[in-house]
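Multiple structures follow.
Both of the next two complexes hold chain A, though its partner changes from chain B to chain C.
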Partner chain A sequence: MKRTIPKYYPLIPVFAAYLIMFIIGFTMPGMWQMVALLAFYCALGQSWNIFMGMTGYVDFGYVTFIALGTYGMALGVQYFYQIEGLGIGIIFIGIFLALFLASLSAILEAAIALRLRGAYFAIACIGINEGLRYFIEGAKIWGGSEGIIFSGALTEAVGREVANQLTTFWADFAVFIIAALAAFLNVHYMRSKIGYALTAVREDEDAAKVMGINTFKYKTIAFLTSGLLGGLVGAMAWGLKLTHVFPGDVFVIHYTVECIVVVLLGGAGTLLGPVVGGLIYGLSKYWLAVILPGFQLLIFAPIIIAIIVAFPGGIIGLVKQRIKGTPLERYIV
Partner chain B sequence: MVLLKLENITKRFGGLIAVNDVSLEIEHGELMAIVGPNGAGKTTLFNVINGVYPPDEGRVIFNERDITRLPAYRRAPLGIGRTFQIPRPFSSASVQENVAVGAMFGTLAGKVSVDGCLEIAERYTELVGLEAHKNKEAGSLTPVEKKMMEIARALAMKPKLLLMDEAMAGMHPKDIDEMVRFLKKIKKEENIAIVSMVEHIMRAVAGFANRVVVMHQGAKLIDAPTEQALSDPRVVEVYLGRP
Partner chain C sequence: MILKLLAGNLTHGLLLGGVYGLATMGLSLIFGVMNVVNVGHGAFIMVGAFVALTMFTTLGISPVAAIPVALIIGMALGFFFFYTVMRRLIRAPELASLLATFAIGILLQEIAKLIFGADFWGYNWRVGKISLPITTIPMSKVYAFIGSILIALFLYFWFSKTRVGTAVRSVVEDSEGARVCGVNVGWIYALSFAIGIGLTVMSGVLLTMFIPVGINPYMGGAYTLKAFVIAVLGGLTSPYGAFFAGLIFGLIENGAYVFFAQIPGVAPFPLTVSLAFWMLFFLLLIKPTGLLGGK
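Now for the complex of A and B:
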């Protein structure tokens, strides 16, 4: 039991970063939107990294979970706002539906795609994402391609003032909480049997099976966790914050690519990596959009290539090498 | 007492019969060597025993339980450990963590905490002489060190049966003698049945095994006590052909 407390030391720098971001956003006028954007990238990176970093499987269809989370919130508010006396509880119905849809798709996707490896897995995930989008549009469920606009329903359910607070503050605040939760789960997994099993899967899946590891089960645990967190991010950062959802806006692979950039930049499989990656990516995207609108990706592409070639472990991978053997090692994982 | 029983195992890959109607019994705590030239079906036989793939015909019975259709990951907790011909370490993890994986998912699975497994791993890392490297990444070890690490990982599973695939190939004769001594010591302390698969290093076979099984073209050719088996003229024939 002597390791129980130090095992969570690596959370200190992560939580410190989130706290500082929050304080800056909360106290400095005009900074909240930018901080919210940073928290969004950190949370997404952290959530995506739980699966990709630990298993080595690249889920290109990750945005499916974010999209379904958004739909969960939209459906919750749109279909239940007329029920008397729910008040703020309607948000929790939205969260519940977001988690339900995300877990449902995670389990189905796990059953199909997690049996595949490498590029086949990646393609299967993209296929599921595109399939879902066209299914929603074609079968005209949940509003089809017109999507759901639920700002009116939200206002009616909780009142104009509360709705305003929810969309401008609490939705962003929740993203911080999700990011922190993702970091906690990540450390918890890393230091438990799950982490050891998944490291074995990442390095040599067939040898892992021979060592007694039920690889499918552990992959599914990580996939489901990652998907649920993605669903929560969607429910808050896209659903509650924007109060509308259109299939053409949410089932977009571009966001998965952003996850990949954030995680590889900071360091795949590390805890602090997605935070560092999220901050760098979010900040540069924000400033580049101001200084050189439209050129963000053009500038980012060579930077990413340079980083992957120069230090494939990402920034934190590099830092970890440098501090090996020093007391700092305990805090940076 | 019989630990593992193979009943008429046949495994085909397309038209190729890799293992042809092999029956075999291994006792608790027995030291056995399976020898045979390249392509004799030794590795296929190992893969059938530890569940990498099921046989086309026949049954595998371990500890009086039919495990013919059991997937590999459910056999390890019953007590079947394995090392590979070409070492397959979990490269990015440390040596100690690699060995701990064995303890975590072997016969002790669910009985020992993660910290407990790390302690067990420390003991076995020391036993195979890798204590100086325990915090190193497994991928950075030399080939011989990787083999030793794999043995430690398999032993940390606390197996009843340890399958060693060419553990001594490419080793210096002095190291082979040391390995043989080490395996005998382990066998005595933990009463593990060890089946070692050897292509041609008779020095290892003679020093190690009580019983030798010679395989040839997928079939069991000889199954006899070591001295008798090695002096059998058919052994020479298997390797060099009929004069």
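Now for the complex of A and C:
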């Protein structure tokens, strides 16, 4: 036991940050929406980081999982709401379907795209995302480009009161839980055999293979975990919260880039990075939308470029250099 | 009837494919030399489209004259972004260059939106039509096709016959070896990036012949993705491969549309787009070096 406790020390600042955010949102009136947005970015950054941070593979099509999670929730509610006595259980059907769709696509993608490296992998992931989006629109499955609007079905299944609570509070609360879960899995992988294997992959994949590491297995584990968490975020933050899904809104590469920006701002491959990045990105996006509506992207683009060029290690990378050798070191990973 | 429709569509596909090919040569050149995937590729095509639009509508200059202007603007943008951003990212991990090029693309889009607004624009260059038994083709499309072939040929000779072109090919082959042989690799990187962007902006000018009302600050995204498919089809590092792959892609895209339109209850246009990506996916799986890529 003695050896396992310090392993989870770095979770303390992460969970403290989540708790403070939650308390601020819960007690101060009018803050809940902003806190929910911050939690969304933290959860996404954390989930994306599990795969990318440790392997160095850039999954540009990550939004596929978020989109499929949203579809899972939509399909669950839309097709099962007429079953009597299901009540709140319908949400769990939705979550199950979200996980099912996300894992199905993650396994397929892992089997095919994970054999590619570098730029080829990134292009393949983009290809899968766009192919899926236009296939849904073109073949008119799941409502085609008209999407699924399931607010009526949700109200009918659980009643107006509960439906209201679900969309305004529990969906955001679940995002906090997912963010915490992602942080836990991140540190758990980082400090286990999986993490060491994946670090070897990141540094030199061929050498890792020669040393007898089953690189494909560990990559798939991390990819699947990352994808499942993405699916959960989609099911909650987009599906249950908005109660509608349109292919043109969810399969958008732009959201992957937001994940990347969050992770890179904070520091890729670190535990606290996505939290710091998510807070900074979410807050600045929120305030820029208020102060200069329509100009957020114009301001963000040069900032992104400046960060990549000047601080490739992100904020946590800088902090880590500063606190090397001090007792704080084991809390910041 | 369907055969006539198919033949007509394939003719249009071939003409468009030539421009697709030219639009992808820049992407392949930059990847081949610098190992950087330009995710903001489409934004440069958009710049070219707006160059042609502005010159035609406000100055009344024909798109033919807009081509050299586009080349100069494109190369200037290329040198600017190379020396400010890309130069520092050549040795960096993929993540950095992917995100940086994406951010450059967003920057260009937003600047274009600031100047031109988010509306759709277009112009009509009236230079007559050819009536074939299968279809009618506006001459402007034929000129665009001829233009892209001429530019591609010019690039081919520049690559194979000049000293600088040979130096670029040597850097694609082995940058360390080229450095040892006295090639100024840093300058070749800068020049190739600028030429790649210049080609892309020029192709944007030619593309306007095919989209009479489709010029918009956000038009680039679709072409970035098409360019990826074409570049992989052509072997990703070879600009000529990209040109021929562009022709093939144009034919497949326009031909498949005819068949998808026969299936009842589906939307043929999105299906055609999705076909392109499934093609990409299986191609990467079976032969990542590209159909025309050898090795």
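In this text, the second predicted complex is superposed on the first by the 332 of 333 C-alpha atoms of A that agree within 3 Å, B and C clash if a C-alpha of one lies under 4 Å from a C-alpha of the other, contacts with A are read in each partner's own complex, and residues count from 1 in each chain.
Throughout what follows, a contact is a pair of C-beta atoms (placed from the backbone, for glycine too) under 8 Å apart; a residue touches a chain by one contact, two chains touch by 3 or more.
This one's a predicted model, so the numbers in the text were calculated from it and none came from an experiment.
**Student:** For A:A200, select first, second, both or neither according to whether it touches chain B, chain C, the two together, or no partner.
**Tutor:** It touches chain B, and chain C stays clear.
**Student:** Does chain B (first) or chain C (second) touch A:R191, or do both, or does neither?
**Tutor:** first
**Student:** Going by the contact rule set out at the top, does A:R322 touch chain B (first), chain C (second), both, or neither?
**Tutor:** Neither partner.
**Student:** Once the structures are superposed on A, label A:R160 by its partner contacts, choosing first (chain B), second (chain C), both or neither.
**Tutor:** In the superposition, A:R160 touches no partner, neither chain B nor chain C.
**Student:** I'd like to know which partner A:V309 touches here: chain B for first, chain C for second, both or neither.
**Tutor:** A:V309: touches chain C, not chain B.
**Student:** Which holds for A:N214: it touches chain B only (first), chain C only (second), both, or neither?
**Tutor:** First partner only.
**Student:** Between chain B (first) and chain C (second), which does A:S145 come into contact with in this model arrangement: first, second, both, or neither?
**Tutor:** Only chain C; A:S145 stays clear of chain B.
**Student:** Taking the superposition as given, does A:R330 touch the first partner, chain B, the second, chain C, both, or neither?
**Tutor:** In the superposition, A:R330 contacts neither chain B nor chain C.
**Student:** Looking at chain A, does chain C or chain B touch more of its residues?
**Tutor:** Touching more of chain A: C.
**Student:** Which residues, counting only chain A, touch chain B once they are in their complex?
**Tutor:** Listed in rising order, the residues of chain A that touch chain B are 1-3, 191-193, 196-197, 199-200, 202-204, 206-215.
**Student:** Quick one: which bits of chain A touch chain C in the complex? Just the residue numbers, please.
**Tutor:** Residues 52, 56, 58, 60, 112-113, 115-116, 118-120, 122-124, 126-128, 130-135, 137-140, 144-145, 253, 257, 260-261, 264, 268, 295, 297-298, 300-302, 304-305, 308-309, 312.
**Student:** For a test of understanding, state which residues of chain B touch chain A in their complex under the given definition.
**Tutor:** Interface residues on the chain B side: 50-52, 71-77, 82, 84, 88-93, 97, 100-102, 104-106, 109, 114-115, 153, 157.
**Student:** Inside the complex, what are the residues of chain C that reach chain A?
**Tutor:** Residue positions touching the partner: 31, 35, 37, 39, 85, 88-89, 92-96, 98-100, 102-104, 106-107, 109-111, 114, 221, 225, 228-229, 232, 236, 260, 265-274, 276-278, 280-281, 284-285, 288.
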